[in-house]
Structure formats: structure tokens, C-alpha cells
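Attaching a single structure in C-alpha cells format; questions to follow.
Order as written gives the chain letters A, B, C and D; numbering starts at 1 within each chain.
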Amino acid sequence: MRARDLGIVIGDLAPGPLNAITDVAGVRVGHTTLISGDGPLVVGSGPIRTGVTVILPHEGDPGREPLFAGSHTLNGNGEVTGLEWVRESGMLTTPIGVTNTHSVGVVRDALVAAGMTAGGRARPWSLPGVAETWDGYLNDVDGQHVRAEHLFEALAGATAGPVAEGNVGGGTGMKAFGFKAGIGTASRRVGGDRGGYTVGVLVQANHGRRSHLRVDGVPVGREIGQDEVPGPDVPAPAAGSIVGVVATDAPLLPQQCRRLAQRAELGVARGGGGGENDSGDFFIAFATGNRGLQPEDAEAAPPTVGLTMLNDNHIDALFWAAIEATEEAVVNALVAAETMVGRDGITFHALPHDGLMAVMGRYGRAPR
Amino acid sequence: MRARDLGIVIGDLAPGPLNAITDVAGVRVGHTTLISGDGPLVVGSGPIRTGVTVILPHEGDPGREPLFAGSHTLNGNGEVTGLEWVRESGMLTTPIGVTNTHSVGVVRDALVAAGMTAGGRARPWSLPGVAETWDGYLNDVDGQHVRAEHLFEALAGATAGPVAEGNVGGGTGMKAFGFKAGIGTASRRVGGDRGGYTVGVLVQANHGRRSHLRVDGVPVGREIGQDEVPGPDVPAPAAGSIVGVVATDAPLLPQQCRRLAQRAELGVARGGGGGENDSGDFFIAFATGNRGLQPEDAEAAPPTVGLTMLNDNHIDALFWAAIEATEEAVVNALVAAETMVGRDGITFHALPHDGLMAVMGRYGRAPR
Amino acid sequence: MRARDLGIVIGDLAPGPLNAITDVAGVRVGHTTLISGDGPLVVGSGPIRTGVTVILPHEGDPGREPLFAGSHTLNGNGEVTGLEWVRESGMLTTPIGVTNTHSVGVVRDALVAAGMTAGGRARPWSLPGVAETWDGYLNDVDGQHVRAEHLFEALAGATAGPVAEGNVGGGTGMKAFGFKAGIGTASRRVGGDRGGYTVGVLVQANHGRRSHLRVDGVPVGREIGQDEVPGPDVPAPAAGSIVGVVATDAPLLPQQCRRLAQRAELGVARGGGGGENDSGDFFIAFATGNRGLQPEDAEAAPPTVGLTMLNDNHIDALFWAAIEATEEAVVNALVAAETMVGRDGITFHALPHDGLMAVMGRYGRAPR
Amino acid sequence: MRARDLGIVIGDLAPGPLNAITDVAGVRVGHTTLISGDGPLVVGSGPIRTGVTVILPHEGDPGREPLFAGSHTLNGNGEVTGLEWVRESGMLTTPIGVTNTHSVGVVRDALVAAGMTAGGRARPWSLPGVAETWDGYLNDVDGQHVRAEHLFEALAGATAGPVAEGNVGGGTGMKAFGFKAGIGTASRRVGGDRGGYTVGVLVQANHGRRSHLRVDGVPVGREIGQDEVPGPDVPAPAAGSIVGVVATDAPLLPQQCRRLAQRAELGVARGGGGGENDSGDFFIAFATGNRGLQPEDAEAAPPTVGLTMLNDNHIDALFWAAIEATEEAVVNALVAAETMVGRDGITFHALPHDGLMAVMGRYGRAPR
């Protein structure tokens, strides 16, 4: 179940056929979901409510064929490895992993190893991109249960096509705005006069306080109180984090990718995110519209590479595609996620679809 | 007339007594408004629809007593002088001027001169902060009609107390979302358990496309069509820019000011701003909660200065104060501005208050 | 007289035919030098020791044909207008002016006006780049003697070919390392296997303390004491600033330009610059190797533009070209500048050529 | 053996008693050195020439008592985890690990675990700082031989006092300028009139090409040819990386720490580093002069914290302390490292002390 299945339509642009990041040709997504155990937390034993999600930016190997990329930070209380090389070179050279906060390292080193075993590096070193949010309310996060094999499994299972949302992969134990959340995705296509490009977004949503939740501008979080849907029985839950990946087939240069990544922040803001102090909010954008950026045999290759660049006069459409897709991806994460009971019996409830639509109706938003 | 006079209340926090940037003690605002001539554009002659606004960050001289400050850029198609020194030192050392794009230089050099005549510099050089947006739809912007005396006049007239909004000062010839706009301001107070601090915002709003305008989440721009309120008869109007100044009496360090400035971007996003390619969107935040940062006699002074810092655990309240105040300041600019006919008869119409409230009502927002 | 005329050869790469920024085809430089009056300072009257230098990045109009560009800041106690748009768009859209600190505004607005009169803008607004250093030891800087006509004159007189150095243009009243300095330039060519590109640098050198001066690694400043060449009779002279422009004909993308600009910092460091607190040290790099970045009729143009990019595997040679050319440009500024007496009789002495070469000889550097 | 033991004295300021980062009170350093096996590379088996170094920023737990910190990047072809939180908060909240490129993740997750077991976190998540350079010429870097226990061992063994240099810890398999290198350290004290503060630097030096090596400005790398000291028999060795940690007891705010970190770049430049494309050059600076930045019981604590700030008028002395200490730390790494034979018999030779001093003498640098 997704937002559009409920009749919630965000923004003006049309989504791609899957309304997912995989509408950008070549992009693949894989999830490994780890759920086991119940009851009191025993660090190292569980309960386990976590996983890893991997986004492959094209059908080949980004270690051999990088893509232009850029990033943006809303609030930096989090980790994304590999960011410095993206910023310096303007290129993405590895798949992107998303997992829990305390398993970033193992996933990062596993991506290094995966590149080696596949022969997938033009250079003898690798600087993988791995992002995180913190699932410690439900998961034994200090148990560090994600292992290299879980990353390998996510890589092996990565596919184009529809993307599972909610309690899957890195999003398994996540929550947002006091409801259960996790992975969400959406896409937009810009008009043919703007090049007909697609922008797809995937988020791992773990951010926001209940009272701030907005769905298409409607103050849903204010309207669905703790009496209607209780929040978890924990003291002063922190606001949490959101990480997002923005993909496009437009031929964007690195600085254009960076600008696209910043527009994801605007989409988060429209949904009620505030980049709170405890939040690690990062967005990486990559563009598949240029390939062959790094010839394999660097020394033998000619010193220059031919490229295409989107004329900036047409970039606003892409900006709005990123804004809309990010805003909708967060709603999709909330709509797809199901109530989960985690460690110590802590429960995050799903956002009730009927309650949600009742509020939308009261605020002039009949299902579209 | 302001948004709250119409019954529009944005967000959860209470405004200060003036609901203006001048709720931060010591902050003063002055406007010089230049309106003359009508009819066809004759570059150098007019018509003139422009001005300059100046924000003094405290009751004294920031050249002798700097304040901690930080900045954030949403989209950099614009100019703000003085930014590099704010970034490097973390301090604001001059008043901030806001004017039209092609008069930044004269205002900047006039602020240099003003500092000299007042004896107001601890150092023999000055790096004033001057921001701009482009009023060339209504104003003979290429005529560069702002002169040094206009800045001096704005400085001399700067006062604490209520702040004029709409078609005044630097905002005189500005428009936003296809309606007449200009200067707007708002403020918020955080709870006593968070320190009881005030955050005030002043914007010069010249940004956004009609269809994107949102007021408290309501798609006002989509609902008030060109048939109801025509836009200007010009081809393909660019999206334009917004600049904002965020003031607080909280004892923020420079990196905290920078973070506060970034939250203004979130407020802009909530109102329908997209940071479009033609937009120069900048926010400067300063904090009056620490003084004495630069002893006058630098060499004789002891090598250290005593300070106070807001504990980051309490900063979220300030973040939301900046988000809400920015969102409301933009609405105030729209509500206060009156229809203006400019060069070549180009007209930007005011946002009609009754039409606005009718839409708000249809979307579940009775006047509060 | 230049460093190489004395037998000082910095680095390993060969310079271009002019050993100047104008070795990059299309680059033109113009100076307006203002020297008048003597004796005690009367603010507004003089003495005047200042000027303006302008660098045109190609033979046409950058407002109609921007170039890719990037910037880097070593220490931000200074002003460079136009930087935000360079950072956001990755493009340079105006000539670059260099003048004194308190005349940045007038030069900036004059560049706006120059673009208008020439019809030289693809868009109706302009965001010119103007940098500065502070010449107030010798010049009546508070008198703000630079006027728009001086910028127009520098533009009109800008030529390819040899570049005047030392006490000219914006460098007229500048000093470095306690000696008279000002404008300096140098260039380098990379090998044909690296593309055969040229890198040219122009600096306005006003930075550094005597004891830190190094020429090709030799501690010249430590060796030429105040007894041999007195410094000015002023209390505690501040360290001052350096600004630099790096040009190349290599097809660099914006992020590559930014990286090139950062290497100018390394050249400054090798010469004894420390980016001191009172220093405004900025470098802008642009690349002429791609043109046609912004089609004139933006809406009618196809959405994409074809480009060429230097393969990063070949960029180190350009990095070292920028390092070497910057280091040598500073020495050229010192070698070319002649002793100047300014306001209040303050004197900055030239670096004595014989004294310099005597020190070089003692440190194993016979003239090459 | 260190540079000063040979009579090489860099710069003007006096070192601390240990001439090491541990001259900053409270700073501790621990190394785990892994050397085993010989002969052909068998990935996963060896030979192993690697390790991990850990820097503890004060005598307590930075997870409970953070320090102000800032960072700077010269060239971003590398990884430093934890940087985003340092940038956002201006605080260092964990020890800093330094290891090889492909073991960053395991060290990062081990630092997470170490914080948990020690109870050493004020918050339930951790974002450790781990930097790297690439030792794959000598070490089986793809074998990922560093394990969590090696990090725990380095932590347990960390001490104040003299710091082992050269082939130890993370520096075990590193080289610089074609010679064997690794860990190096140095310190400087500023005058009592500047506060009497200490700046200490520790580098893991793996950067630079032979011909660029400069020692105190002397072109040592150009003078000691391959005939005198052969480089390794590998094709086209990449330039490699340098990472550095700068510590001070001065009460610097975060933006001042960032500025201090940038001065390390100047020290690298003076020694012949160019921030080449294959180089990951990062510097983190922290300041112990303020404590108590994050009260343990955040909600109960008062909303503000009292601080001290160094007056910027005195910061130049610290800048030069960082420049000098970085330049000398690199030389110390070269002087201390001993010739090492690694995988496949690849050999990096030590910089010969007698050959070095012979060159120094020819360039006017008798031992001081």
C-alpha cells in the first residue's frame, strides 16, 4: 500500500511507471532484512530489528564506471562514508549502502571486499558510500548484528523493478514522526520540453516529531494524537534522522547533482522535518546521463572525455521533481510500514490509513 | 495588515510582542523607499521603484562590538557581500543592508563610509554585508538609482519598534509567487525551559512561482488563478530570490548561528520556495547573546574572552522558531504589499485578502 | 625586471612565452593606476596610491559566454563579490576586478554598468566578481578615490600580451613581507602527454610578514633584516592579504577549477604566506576549454550542451603548474615593485635585487 | 632518531618538551603494529605490514566530554568517518583512529563498541572518527587484517609521553616522497604574551613524489636521485595521502579549530605536498581549552554553558605553530622510518640521514 493507493497525490509532476528510484534506468535496489527475537534487550543477542539496503547506481560497476554525483547535509548528526571523495571528485565510485548507525563500518568494509572480489575497481583502493540512521528503539543496535554476508546478500539480490518499502532492509527498525516508518521511494518525470528526464528518490526515514508531521501540507501529526495512536513508551524520544538517495538520468554535472541533493531537503521540510540536533540528514544525488568518466587504462587514454550537460535553464523542473519525490517517498515509508514490537516490548505503531485519510478529508483533500 | 490580523497563524510557538525581528532587544531596522516616475522605462531616468533597508544588529556599533553570526545559501544566484568574513571569523562586524541587485556596490561602499564617519571600527578596514534581490520588473534597476545618501538616511532612521512591511525599503519593487511582495518580518519565543529566547526574522521576498505558493500548507497559489488575479504581462518571469536575516538573543556560537540560518531555508520550503536556478537565496543569522568578542585594544587585552553557549540539547526549539518565523515573514510580506504599477506599466497585484481567506477556509483553516 | 631575469627559477615546469596569465589564449588584463599627492593623510583628498586591475577571461563577453570556474579561500578576512554565483553555478559570468578594500562596491557596480552598456548579458542581472586587498598604509583608502570611470578605463585598455607588474592597477599601493609589492604574474605549461595546457596566475600581493618570506625555499626574509632594508615606521603592521586569479585553457569542470584554485594556496604557503587572521586570501580559477555553456536563447535552445572534461588522471600536472606559477607570481610582484612613499611619508622599500641574489647564493641557489 | 637530532630545525617557534602531540596535556597516543609474513602477496594471508594508531584527545572520555574541533580537507581522495558531526556540532566526541584504507570500517565499528563497553557515551549512538592512508604497496591491504581487538589494544596501550614514530601503528606500511615513512609528530609553544599555548601535530605520512620533497625549503628530493636511493620497483606509484591530527590546549572555538586545521595544509605544502588527485589529505584539529560542553543530564542541565575563547588577535601565533609542527612532523616521519620490504619483495628505503644532511649542507643549512 502506497500513498497514491490511498488517493494522496503530492505535487504537480507525474511519477514514472514504478513511482520508485528504479524508474531511473539501470538503478537497482537490494534489501537484507534481519528480524529475530523478542523481549528484553540483551546486547549481542537481540532482539534484532535491522538490515541493510543497497542502491546500485547503474547496471554495471561504478568502481569501473563512476557517475557524477553530489551531496547535501541538512543536519550532520550521522555518518555517510565516502562523502569526501564524492565532494572532491564529483563522482560516485561505489554502490551506496544504508544500514543502522553502529553497523556502518562493517557494511563499508564489506563493500570494499565486494569490489575486490568482483574485480570491480579501476584503482587499487575503494571509498564506499554507506549511510545510516539509528534503530536502537526497536533493535539491539549495540549488538552490531549486521555482517558482511548481509551486504553481499543485498547486493546479490538487487533488482530493477518495484522496491519494497516500510520495514525492510536498512529501514527495518526505523520510525518517523512517532509512527513506524523505514524505506520509502517515489519518482517524477519532467516534461519532454525539459528533456523528459526522470528523478527517483529513496529514503530511509527515521526522523521527525509527531506534532510536526505534514502530509501534502495537512497537519496530520497534530490531528492524530497519542490517544488515537500511542507513541512508544520511552522517555523523550529524539527526533531521529533521514537519509536519501536521489537518482536521475539527466546529464547533470557534479555541481548540478549537489544542487539536486539540496532540493531533497526542501521536500523533507514540506513534510515536517526540521533537521533537529539529533538528526543525521544527508542526501546523495547521482546522474546516469554521462558515462565513461574514467577510462580504464588511465595513462593510455586521451587526456579528455566528452560529456553532455543539462542547460541550467531547464534545471528547475528537476529541482521540483526532487522536492516532490522526496516529500512523497517519506509518506510512502509511513504508509507502507507496519506496526512493529521491538526490544523491551517497545512498539511503534503504523500510521493508520483510515485515520490519515479522515484528516486529509477534513482539510480539503479528498482522495485524488 | 498582517497574516495574524487575517487569522492566519503559522506554527506552534508564540510570537514576540511585535512579531518582528525587532523583538530581539537592540535590533533596529531602517528603510529608505524610492518611488518616482511612471511610464516607459528610460534607463537612468526611471520609473524608480526601489530602496534600501538596513538592519542594525544591536544598539551599538558592530564594527567595535561584533556579534557571532553564520550564513546559509539555498541557491546562490545573488550577491551578499561580507559573507566570507562572516564564515571565516564567525562574526558580524557591520550592519546588514538589503537593496536591489545593481545597487549592492554603492550600499556596500556607503556602509564602509558610514563606519568611518562614526569612528565605528576597531580595525582600519570594513567588510560590510549587503544583500539584494532583483526588482527590474517594476524598477529601472539598470539606472542604479540608490545612492550613498539613501543608505545614510536608512541608518539614521533605523528604530526598534514595529517594522514597516511590503512596499518599503529594499522591498519596494519586489514580488513573490506572482503577487506584489517585499519586506516581511515575524518572530517567535521559545519556552522558558529552553531559555526563553527570541528569534526574529526579516525577509526581502521576491521569489517563487504562483502555482507553488503555500500558506500554512494550503495550496493558495494553485487556487488563485490568473483569471482571478492576473500576473504581470511579461514573458516567462523568472522565479526570483529571497534573502533573510535571522536574529536571536540566545547565546549561540558561530556554528549554531549557521545552523539557525539553514532552518530559514526550511521555512521558505514550506511556503513553496524551491531555490530555483534564477534565485539568490541567502540567510544570515546573528546572536546577541554574547558581547565583547573583540576587545578594542587588541594587543593590550588579555588573550581570552569569556563566553556563554547554548547547550545544543536545547537548540531544536530555536530551529523551529526560525522555521516558523521565516514561513510567516513571507506571508506577512505578501499580505502587507499593495498592488504596484512599475516601469512600462507592468503591474504586480497584491494577494487579495478575501480571496486568500476564502481558500484557507476551503482547506479547513478557519481564522484562528 | 622579473624573477627569471635575476636567475631565479621556481619549480620544474616551463613557463609560457610571456610567463604571464595572458599566456592563456584570450585572457586580457587592464590596469588603471592612480598616484597623486604627497604628505599627510587628509581623508578624501589623498595622498592617492591605488587603482584597479581587471582580468577579462576570454576575448568575448563572459556575460554572454560564461566559463567554468571555481574558488578557494585561505583566510576570509576580505571581500570577493560574485563568489556565491561562481560556487552555485560553477560559472564565471563577468570580468574580474581587483582593487582596494574600500572601493570594491564602486568597481562592482561599474562592472554591472559596463555589462549593460555593452549589451553584454544573457540575463537582465549581473553579479560581478571584484576582489580587494587593503592599501591603507600608503593610500587614502578611506577617501574611496576609485570611480566607475577608472574601471571603464581599465576595461578599455585591457590587452593580451605582457602584463605590467608591481606598482600598477589594484596593486599600486600594496606591500608584501614588509617590502613594496603589488601585481605579479607567471605561467606554466604542462607536457604534451598531459594535454599541453597552460596555467596562468595573476596575484595582487599584499600579504606576509618579513621574517616569513621564502624565495624558492630560501629564508630571504630572515636574512634581509630591518637594518638592511627598513620596514615602514608604523606600529604592528598587520599581515595583509593576497588575492589571485588562476586561468587555464584546459577543459576543467567547475569542481576541477575549485581544486586548481586551492593549489594556489599551496604556492602561497611555499613563499611564506600563513593566511593570517587579518588576511583576505582568495583564489578564483577559470577554464577556457569549454565554451557555449549557456545558449543565448535559453528557452529555444536544446536542453543539453556538449562538453569536454580533463580526465582527472592528468590533473596533477595542472595542480603543480598552479602551485609553481603562484609561487613565482608573488616573487615577480616583489621583484617588479619599486620603493614607494605614501601618505604621511610612510615608505615601503623595494626588495633589493642584489641583496636578494646574495642571499640566494648563500643558500646554494646560483642564478639559473 | 628525529629531525632535531640531526640538527634540522624547522621554523621559529620552540617545541614542547616532547616535541610531540602529547605535549598537549591529556593527549594520549597508542599504536598497534602488525608485521608478519614475507614474499608474494596472497590476499587474505599477507604479507602484513599495517596497524592502527589511536589518539585520545584528553584523559577522560570524549563521548561524555566532547571537545571543540574542526577539520580541513586538502584533497578528498580518502576517508575520514565522523567528519560530518564534527562539522555540524563543532565537537569531537570520540577518539580518532588512523589505519589503512580498507580497514576503516572495522576500526570505526570497534570504536563504537569500545565506547559502549566503557559506558563512555552521553548518547546512545556514536559517530567515531577514523582516517586512513593506503599501504597496499607493502601490505596485503585487501586482506583487511586489522581486527577490532587491534583497536582495543591500541586504546588500552595509549599513553602520554614520547610517541613512537616511523613504522608503527597505522603508519607501519606507509611511504612518502618515495622513501619509507609513517607516523611523525612535533609540537610548538607560542609565547606567553600569546597565552603560552601548545600546538601538537601527529601525521600519518604516505604522500608526495620524490622530486617534490623539501626539507626546510631545501630540494632534498631533487638531490637524492634514484641512483642514490632507489624507489620501489612498481609502475607509476601514485602520490598517496597524508592525514593529520592537530591538538592544542588553547581555548579555540570550532571555527578557530577549523582554521587551525587548514594551516596544517600550509605545512604540508612547504614540505612538497601537492594534494595530488590520488591523495586523501585531511586534518582534524581539536582544542582542550574548553570542557563541559555537553552536560551529562542534558534535560536537567541549565540551557547554557560557560566558555572561554581565544581572542582572534592572538591566533596567528597558533597558526604558525601548526604550520611549523606539521612541516616538522612529516620530516620526523621520514627520519624515523626504517627501510621495509613488503609484499612481493617491494622495498621502500629509508631516507638516508647522512645523504640528507649532505644535501642540507650544500644548501646553506648547517646543523643547528
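Assume a contact is a pair of C-beta atoms (placed from the backbone, for glycine too) under 8 Å apart; a residue touches a chain by one contact, two chains touch by 3 or more.
Only a predicted model underlies this, so the values are computations on that prediction, with no experimental measurement involved.
Shared contact partners of chain A and chain B, listed by label, are C, D. If you compare B-C with A-C, the chain pair joined by more contacting C-beta pairs is B-C. The distance from the centre of chain C to the centre of chain D, with each centre set as the mean of the Cα atoms, comes to 33 Å.
One simple way to say how far apart two chains are is to compare their mean CA positions; for chain A and chain C this gives 44 Å.
In this assembly, the C-alpha centroid of chain B lies 34 Å from the C-alpha centroid of chain C.
Among the residues of chain D, those touching two or more other chains are numbered 75, 88-89, 259, 299, 312-313. Residues 43, 73, 75-85, 87-89, 101-110, 112-113, 116, 123-127, 130, 134, 136, 141-142, 144, 236, 278, 280, 282, 299 of chain A touch chain D in their complex.
By the touch rule above, chain C contacts chain D in their complex via residues 12, 74-75, 211-212, 214, 216-219, 239, 259, 262-263, 265-267, 269-270, 273-277, 312-313, 315-316, 319-320, 323, 362-365. Across the complex, chain A meets chain C through its residues 88-90, 193-195, 251, 253-255, 259, 293-295, 298-299, 301-314.
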